[in-house]
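What follows are several structures.
Okay, so chain A shows up in both of these, paired with chain B first and chain C after.
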Partner chain A sequence: MNDHLLSIDNLSISFRTYRGILEATHKVSLFVDAGETVGIVGESGCGKSVTAHAVMKLLPRDSAIYSSGRISWDGRDIISLDEGEMNRLRGRDMAMIFQDPMTALNPVLTIGNQIEEGLRYHAMSRQEAEQKALSLLQEVGITSPERRLHQYPHELSGGMRQRCLIAMALSCEPRLLFADEPTTALDVTTEAQVLQLLRTLQQKHQMAVVLISHNLGVIAQMCRRVYVMYAGVVVETGRVEDIFDHPAHPYTKGLLASLPDPAHKDKVLTGIAGQAPDLFHMPRGCRFYPRCSHAMRICARTVPPAYEQETGHTAACWLLCPEREVCHGSH
Partner chain B sequence: MFLYMIKRICGAIVVLWAVITITFGLMHAIPGGPFTEEKKLPPAVLANIEERYHLNDPLLTQYGDYLKHAAVLDLGPSFKYPGQTVNEIIAESMPVSAQLGLISLVLALGTGVTAGLLAAWRKNTWMDYALMLGATLGVSVPSFILAAVLIQLFAFTWPVLPAAMWKGPAYAVLPALALAAHPTAFIMRLTRSSVLDALSQDYIKTARSRGVSTWRLLVHHALRNALLPVVSYIGPLAAALLTGSFIVESIFAIPGLGRHFVTSIYNRDYTVILGITIFYSFLIIFMNLIIDLIYPLLDPRIRLQNHKEG
Partner chain C sequence: MALIDVHHLTKQFIVRTDWLGRPRTVLTAVHDVSLTIHSGETVGLVGESGCGKSTFARTVLGLYKKTSGTVLFKGKDVENPDTADAFHRQVQMIFQDPYASLDPRMTVEDIIGEPLRNYGICSSPSQLRQRVAQLLDEVDLTREAAQRYPHEFSGGQRQRVGIARALALEPDCIFCDEPISALDVSVQVQIVNMLQRLQKERNLAYLFIAHDLAMVHHLSRRIGVMYLGRLVELGDGDAVYHRPLHPYTQALIAAVPVPDPHCRRQVCLSGEVPSPLDPPAGCVFHPRCPLADERCRSEVPVLRDMGAGRMAACHHAGKEAL
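Moving on, here comes the complex of A and B:
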């Protein structure tokens, strides 16, 4: 099973807070193969970013706890690596682009400086690094790159900065790129351009991309497989077609139903009633049960296992239990 | 840039004029004068002296005369040190204070920034706690107590350093330490909190995601952003340190400018009071100008501009 590029098994991440220990993700399992684009979708606070940051070990060191599970990168256990070993992995093997290009660049260093430092860290001379930075900026479609190298982040627009961040992330040709809501802070036209750029680069460099988004449309456009997360757990996973054409989990169905449909403008938009649970007061059984319109007695008591629908398509919901008497009997 | 400098210089002149006026007013508001002694001088002699120093002119005339002289950098004769002008007094004692002040400034900056950075890096560890305990002590222990302790330890218990006077490099060690303690502690706390603030920013996470080493992260990414508040503090600090401290110079019997700040007021030595105040104000204004010129070098988002444009 370790032929995956990245595989996460039963990963639980907790944070020490002033209110006590808070579990942000619970037994998350996912894998990414070389060269494929995988989406993680879910609403704010569902643990999608935490999972990605956990893999790159970018969580705040004084409060984050890896409470259970394994992360294996190319067969290597990541959790046990120290900061120095991790630094050799970051940038070169895996990289990340962030949600807000306005704050993700250091305001007092030039663009060139910030791109080149990653390169210099991986043994490259000054001239080589500058040449490489120049070609990277060209590759991400930045006009007059020579000038941009010497400019500061505040002199560039949001879309331009996100392109610079992509150039930085790509600088050492990583095998896996985490894109953490890469277009959330951008306007719609820029969003389309950046997504197109990501797709082109992904194909050109044959790298794996993990796209984190709350936007189902973006996921549908970009990804081959998708993980749907809710309140710190993966509730459903499968190929994009499976998830979009025949979603199995009530939460996924709810998400899809809440998408506006331009063809039927008279249709009233349906949201999912209620709010995501407070991480301190997690339901004992299924985490979605308080908001679920199909809730049964067993949902309140026991966490549902993942039931396989088709190959690679699983959903964690008691409705899918094949032994109908056992699960549905106590309706 | 040229226009900016002209504006700043005009501003400085206005500020200096205000300082002179206020000091002049306050100085004459306190009872007594330079020649009020316990043993009263004969009225004829007093009148003679006052005539000589123009002290019997109307105040407004004295004020006007003073401004005229100050404009050509003539700060007048001292009333208490006959034969010495204020310019001479400053020229003579300033270098001593400036040397001591410069040593303290470098010491405070070097130690303060390094220790603050270390404390931020090792936040909530024994190193952080130990450094911050030291900083709290440094801020709260007055310099005269520290000076006394230093003299006791290094001049008497282990007689390795001279206790007082100003005769060579060894004589500078203890007063420089006593003078630097407070600003060191202050800079340390300032650096720590502002580095911590910088470390929590998104761009630090971005840099980490690129595999940037911890050292470079701290020095290149965090410290550079964190230095602005420290730099703002250096302006007034440098002016204060370079002009000497009354307390430290008195304790270590150092012939610096600091003691004149206080003794001139006791003596009602009008010209010295005014002269030193002007000199100190000038230094503060000058240092702040230098600091403002340094800002854009540290942070490219800051531009020296006129209010209209920026």
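Moving on, here comes the complex of A and C:
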């Protein structure tokens, strides 16, 4: 168990809100090995970003509660670390790039300043930091980097800003990079460029990447393994080929059926009926049951366990229960 | 006869004026675009942000004042007051952001009923209520929704309210400006399927603007591709998607991440879209084009007929770029 770079066991994160305690993720378990790209896919509000922010301990401290579970980084428990220890971990061990490159960059500091900040924090001299920042900008494919160092974020395009964020995240050579919807705000041709860049950098630095996205195409193109999340829980996980070639969970199937097939234009898309449940009124049994076309009586009552399909490919759905009569009898 | 016929539409915005109020910096958002929409068909318009696709739709509708060009509705110029009235009634629009396009202080009934009141269609309040209920049925919302406010709905439901409002006047054509971009994948399908059902039932025409190429291809009979304010390719949907002629269309389609892990592509269009304030000379795509030569740098390619109802604005149209 401890040979994973990052492993999360049964992590539940809740938030204090005006309407009461809200559970954003429920017993999420996942692991990341050194050097691999892992995808987390799901629709808005399913808890994918919360999980990543929880690992980095970037959730608001006054409202977020780690209600159960553990996060272990290289065998060390992260939840119990204090802010100082966490600061040493962030940047050098794990780093993050965010969805919106405009709000993630500080508008009143130059690009150079922002890249050098992390380097200086991890004990580097000013000259060294500037040299390093320059080479980082070159590495992420920014033209005339000397000029860019002294520019402000608003002077750059969206794609360039995302490249700067990547340069910042890479500055201390992290072993794990969280990419939280890194291309959602970008146009397709820029998206392709940024994804290509991420792929090259990942191979070059042998770092692990956790790619969070709602875009199944991006996940298919980039990842080795995938976690599919729905309403705060992991419903299915496996190698990317398992998930895309023979999805087991009705939600994953529904997501894939929502994508138009260019070869069969006239086929009506099936998709998924209904909408994601309100986090305050979560169904008692399976969280997907109100939208599921295969729902059985047991689904409404009991949370389905994760059933293994092939090695490493599991899905939490009663349809996959080996003692089929037990569940299906109660139709 | 075409339902809507747009000829050589140009829209310029004045960015800066000198001290006498004369234009000094002019941004050409839409440059000489011609497009025809027939009744009952869907025309898709794709392109990256800032390429002028939304501006085109808004200018055709008269939400922006056009700089030059003509718009014909059922063969008549919409400048003509009589035609203008019918045009504004028969051509409606749904917007990208279902959060910003509905007034938060109005109930759903007020929102959907507004066009009905404006055109004096329902004389009595009970008649109006009935018509709104009917429209809510059409877009699969419950009748109770009428008394609620936009913030009580999810993004998908709000988009349904927007569609019901557009349907209120029984239009011939709806301009859909990125109607699904702000929605989750599973909800996108619900909206797309509903748009297709309404099209069949009412013989609606759509101008469907989106940056999701796969979805545009799924919906559209014909597709137009825009780049930096110019229409660079136009043709049958399948042909444009599977056998693109313009190098930009080819790059755009190649850049879409395919949801198939067995088919990983590593193609990239380098560079970024240039500023529309200072477009490159010659073909506007030449700085990024792998096929660019001397001619492309100096001579502007016109949108020319490539046979089989296809058009492309490229000196090298039809050559494999990637």
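The working rule: the second predicted complex is superposed on the first by the 331 of 331 C-alpha atoms of A that agree within 3 Å, B and C clash if a C-alpha of one lies under 4 Å from a C-alpha of the other, contacts with A are read in each partner's own complex, and residues count from 1 in each chain.
Here is the rule we go by: a residue touches a chain if its C-beta (ideal position, glycine included) is under 8 Å from a C-beta of that chain, and two chains touch if they have at least 3 such contacts.
Just so you know, these numbers come straight off a predicted model, no measurement behind them.
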Chain A superposed: clash or fit between chain B and chain C? fit
Per the contact definition in the header, classify A:167: touching chain B only (first), chain C only (second), both, or neither. neither
Given the touch rule stated above, what does A:189 touch, chain B (first), chain C (second), both, or neither? second
Which partner, once the models are overlaid, touches more of chain A's residues, chain C or chain B? C
Should A:258 be classified as contacting the first partner (chain B), the second (chain C), both, or neither? second
At the Cα centre of chain A, what angle separates the centres of chain B and chain C, to the nearest 10 degrees? 80
Touching A:92, do we find chain B (first), chain C (second), both, or neither? first
With both complexes overlaid on chain A, does A:40 touch chain B (first), chain C (second), both or neither? neither
What is the contact status of A:105 with respect to chain B (first) and chain C (second): first, second, both, or neither? first
Compute the least Cα distance separating chain B from chain C in the superposition and give it as a whole number of Å. 6
Overlap of the chain B and chain C interfaces on chain A comprises residues none
Which of the residues in chain A end up touching chain C in this complex? 43-44, 157, 159-160, 187-193, 195-196, 214-221, 223, 240-241, 244-245, 254-260, 262, 265, 268-273, 275-276
Within their complex, chain A touches chain B through residues 56, 58, 62, 83, 87-92, 95-96, 98, 100, 103-109, 114, 117-118, 121-122, 152, 154, 165, 168-169, 171-172
Contact set on chain B toward chain A in their complex: 123-124, 201-203, 205-214, 216, 220-221, 224-225, 298-301
Of chain C, residues touching chain A in the complex: 48-49, 154, 156-157, 184-190, 192-193, 196, 211, 213-215, 217-218, 237-238, 241-242, 251-252, 254-262, 264-270, 272-273
